[in-house]
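Shared chain: chain A. Partners: chain B in the first complex, chain C in the second.
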Partner chain A sequence: MSRQSPIRVVRWSGLSIGSVAVAVALTILLAAGPLFLGANAIDKLTTLFIYVILAVTWNALAGYGGLVSIGQQAFFGLGAYGAVRLADAGVSVYPALVLAAVLVGLIAWPISVFMLRLKAGEFAIGMWVVAALAHLLVNLDNLVRGETGTSLIALNAYAAETRHALTYWTALGAMVGLIGILFALLRSPLGAAIQAIRDNEDAAASVGVRVMRTKQIIFVLAAFGVALAGALWLATTITFQPRTYFSVQWTAYMIFMVLVGGLGTFEGPILGAILFFAIEAWFGATGVWYLVGLGAAALLFALFLPKGLWGWVDQRLGLRLLPVGRWLKIDETAPMGTSKSTESGST
Partner chain B sequence: MTAESNGVVLSTSGIHKRFNALVVLDAIDFSLRSHEAVGIVGPNGAGKTTLLSVLAGAHPPTSGTIHFRGADVTGLPASERCRLGIVRTHQIPQPFSGMTVFENVFVAATNGGQLHREAAHARAIEAISLCGMMRLANRRAETLGLLDRKRLELARALGANPSVLLLDEIGGGLTDGEASELVATIRQLHASGLAIVWIEHIVHILLQVAERLICMDAGRIIADGEPRAVMADNAVISAYLGGSVH
Partner chain C sequence: MIWVNQIIQGVLLGGYYALIACGLSFMFSVMGIINIAHGSFAILAAFGLFLLADQWGVSPFLGLIIVVPAMAAIGWALQRAVLERSSRAGILVPILSTFGLSIVIDNLLFEFFGADTRSLAPYIGSFSYDSWSLSDDIEIGQLSALIFATAVILLGGLQLFLSRTELGRAIRATAEDADTVGLIGVNARLVNATAAAIAMATVGLAGAALAMRATFDPYAGAPQLIFAFEAAVIGGAGSLWGTLIGGIVLGVAQNIGAQINPQGFFIAGHGIFLVILFARLFWGGAGAAFLNSLRRSA
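Moving on to the complex of A and B:
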């Protein structure tokens, strides 16, 4: 019976299968990047990959989980700091970047127990306080030497070109890995539960969703991703100055990329990161006017395209490249009364 | 254990609920037998919805206990009570507005119903179909009108695979035809073995399903028994109907 059921749950389309294929091909091409790209392009792309990580993790947290945090720089800074500490303790430098992010993820778990009890605005501010506290604590470490900072000297063991390529590959792997994990997570039943919590926490609990545990998963995953981005940023700049890493600017960038690209859409933030990267490349040198421009752009988007570029595309064209939803396809040609469809659905 | 042997699935003893100084539930002793269909009526503000919320775990009672199948569930959160089979709808619909109708019900099937993959899909499709929402399955919940939001409340609750279904004013605003469809649906659910508690102001709809009727007023149960007898009760007439009946 079920094989002939007139009702099917659809998750993929030809377009989305094609998009994933293109994404895979692009990843392979990018992986070969250091073989044919110049040092400058490699560095630029590394930066872009880090921006994408920042955008997709903030979107997962805020756009899908409804958890608007303005303190993600806490994890960005801790990721970098963790890498400095681990490298100092003798851990090989590239594994140290990933290990630092894992450790930050572990620390994020107990933090989540406190923070996720806070509602909306309180949570946002609370996270900012967490970032300020993390910054203070890191400054107490003698290794960091206050705001003077320190550097990831272990990186100097590599020749410049090797180092740039290794950092590039690590960033690419981190970006693709995180996008993959988030895509799988958001498509899973857990992802549906996360969105249900975003839309209505009490109603989610009323249909059996374990709200706290579910939010914790997305919170920790986002913390891990941002920490990885922070550690990678350290690998690109080598120097660690707490003020730079624990700066709220990182979260501002995340918010910009996600709002412009499309909050709560899977594709949008990736697009937002690319746009942000381009804007920075063109106008970044203009100092304060660049920041004013960013702010104005974010405001315009919030006013006129509240769902961002991809939200607009989705609304206009119904274009879904990387769909996480579920759609029912009802075969209209099959004879179907209400009760008939019930039977065939339940077999 | 003795409760179970009486066929009682869900019971409360000495439930009080206060919101600050306001006493909303005042010593409620209520019990529901398996396969029973109970109607609850009472004037606005009587505490009906609050009782449902306390039963479902959305609000902790100020004092008193709640038992389900012989176990004390007073301390269990709403999600766990739902997983045990106590599932409610909301008087003011609470859809997951950014998700489709199907996804709304799917969340209930995978969490409350603890079903996986095809079983969860089938459960959700069955619930949506039973509530006559197949044509709206791919619509985002935020685009639904009030009546369809109410239907979604019922579909979503059914998705969670309840053994005790708590309904809060799902019948308001229906045409006669829609109302009799709803009655048929609830009867079908009742016949399939669900215990049902149904709060409704439209008494004539309720009487087509309820085997037992409870009338609440000012946080108390003022009458409980055979529906016609309860409706004829003097206390009920003066409280619920404001003494102005006939």
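Moving on to the complex of A and C:
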């Protein structure tokens, strides 16, 4: 077939097959982590996994769905609250974390029907209102006791070491699972629709992409992911104080990670989460100035490098480690071909 | 009688919401940008007045002579340094850049002023609690009445300015099509910077109103943004008189909610916003007609 046309569409490169293999090997290595890592390292890595989940799902929403939400803390808080409620009702703790996220995903569907009709900035602040309302309603629950909060006491059934390892594995599984789902989704026909919407919503609609349905799928998946992150955060900190979980700061972190890493790129948010994790470890203790720095970085990246660090790397080197798009290769030996091979990254 | 009082107080509170929503609505209708840092700028203005009163004993009303022009200058700079570049980069970028800016402002205020809750009430004497009694149960605060009147005059003035003056017409024309107005000799950059300066000057007034009638702290910007947004959307985004109606609907709903349940104030506010949004989206025609009839009767 390739003899007829000098142009081939390629979905993998040697480098990207190699990097996926490295990712798989790294996952296996991380899965064995509790066998050789200390308690402190296990806790730190669990936090990193949660950050990656937050960054990847916010990027799915904003970078691919074109939906900038400032209210993702709604799902973060509801995920944790759901886990508290389910554990209180007698569900075993670790299944409760996942079940809570599934329930939040189910709630997100009707919310999406209605919020997705809002455009751009209206959607952004509209989601913030949803988060504020969710926070107030959770405060009404007697189990939570307002801002006093409660704890996931069922976790005390486990010895500290077992608990840390179980939370670590759940977080690792959640992170790898979500990245895997997104990778598969973006490489599927639906992924082509998603990327078409990202590039131009009206044009996508005109060639038959079901814009609303596609955005709903991303919205619900993002809500599920953030809820899972919230439930996992609860498993690491044990205490549930609504004010902490429904804080807009979570969305600020997501925006920082995605903008710095690379909005609308697949690898960027993972890079952003690792950078954020490192920055927090080094500067987190400086408190207010650290937050000023995060805000300023988000502002400057939005203004001067809107595709983030990974977008910059991609533009310079055409580097794709986890390719969700297609390369167009022109065969140089073909009679009508030009003398050089062209690689055009059409993510 | 207690209900009548709640409704009257709600209407007066709505005057404040209309005032804070004015700049947000104006900027959205003229430049198509929702400034996420809107509430943070109102708090910045409030701290400006606080600093003048606390350090140099300048009365907050006199302080407005300094703070309002300063806010206008900030608006001009904001448009030139941030909004212009952001809106060229796409519809989503202004949301991200102004959100980043709001985090910077909030935390810088925290760094300089600390976590203490402040108010300008101590600097305006008895005016913060003086009131006219209508009956045993109903009192109208003089400050609330002044804020309400300011909102009405400001919204009416802006409406007249947009429809009657040369600059107002240039602003409306630029909002319609920034490229085409260039052909007829309007400098779109200048017009947009002016509009941003006007919007931010109204934010200065709103910040003053907030600081006199209530308390504020460095992180109080986010709820102000949400209230402003709710009032603007309830009233129909981009319509200045609608903004007044939106503010009143929000204020009345909150006060009625507070009467029903101690937690009801905020829940009822967010609730009425979502209900009206929902109604408009699904029964758009009828809902819009209802709101238009409200707007006409106002």
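What we mean here is this: the second predicted complex is superposed on the first by the 322 of 347 C-alpha atoms of A that agree within 3 Å, B and C clash if a C-alpha of one lies under 4 Å from a C-alpha of the other, contacts with A are read in each partner's own complex, and residues count from 1 in each chain.
One rule holds for everything that comes next: contacts are C-beta pairs under 8 Å (C-beta built on N, C-alpha and C of every residue); 3 or more make two chains touch, one makes a residue touch a chain.
All values derive from a computational prediction rather than experimental measurement.
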Contacts of A:210 with chain B and chain C, given as first, second, both or neither: first
Which superposed partner A:140 touches (first chain B, second chain C, both, neither): second
Which superposed partner A:114 touches (first chain B, second chain C, both, neither): second
Partner chain(s) touched by A:92 [first = chain B, second = chain C, both, neither]: neither
Partner chain in contact with A:125 - chain B first, chain C second, else both or neither: second
Partner chain(s) touched by A:315 [first = chain B, second = chain C, both, neither]: neither
Which superposed partner A:7 touches (first chain B, second chain C, both, neither): first
Touched partner set for A:202, first chain B, second chain C, both or neither: first
Partner chain(s) touched by A:162 [first = chain B, second = chain C, both, neither]: neither
Residues of chain B that touch chain A when the two form their complex: 56-58, 77-79, 82-83, 87-88, 90, 94-100, 102-104, 106-108, 110-114, 116, 118, 120-123, 125-126, 129-130, 132, 134, 137-138, 141, 156-157, 159-160
Chain A-touching residues of chain C, taken from the complex the two chains share: 28, 33-34, 36, 82, 85-86, 89-97, 99-104, 106-108, 110-111, 222, 225-226, 229-230, 233, 237, 263, 266-267, 270-271, 273-274, 277-278, 281
Complex contact set, residues of chain A against chain C: 62, 66, 68, 70, 114, 117-118, 120-122, 124-126, 128-130, 132-133, 136-137, 139-140, 248, 252, 255, 259, 288-289, 291-292, 294-300, 302-303, 306
Interfacial residue positions of chain A with respect to chain B in the complex: 2, 7, 9, 189, 192-193, 195-196, 198-200, 202-211, 264, 325-328, 330, 338-339, 341-342, 345-347
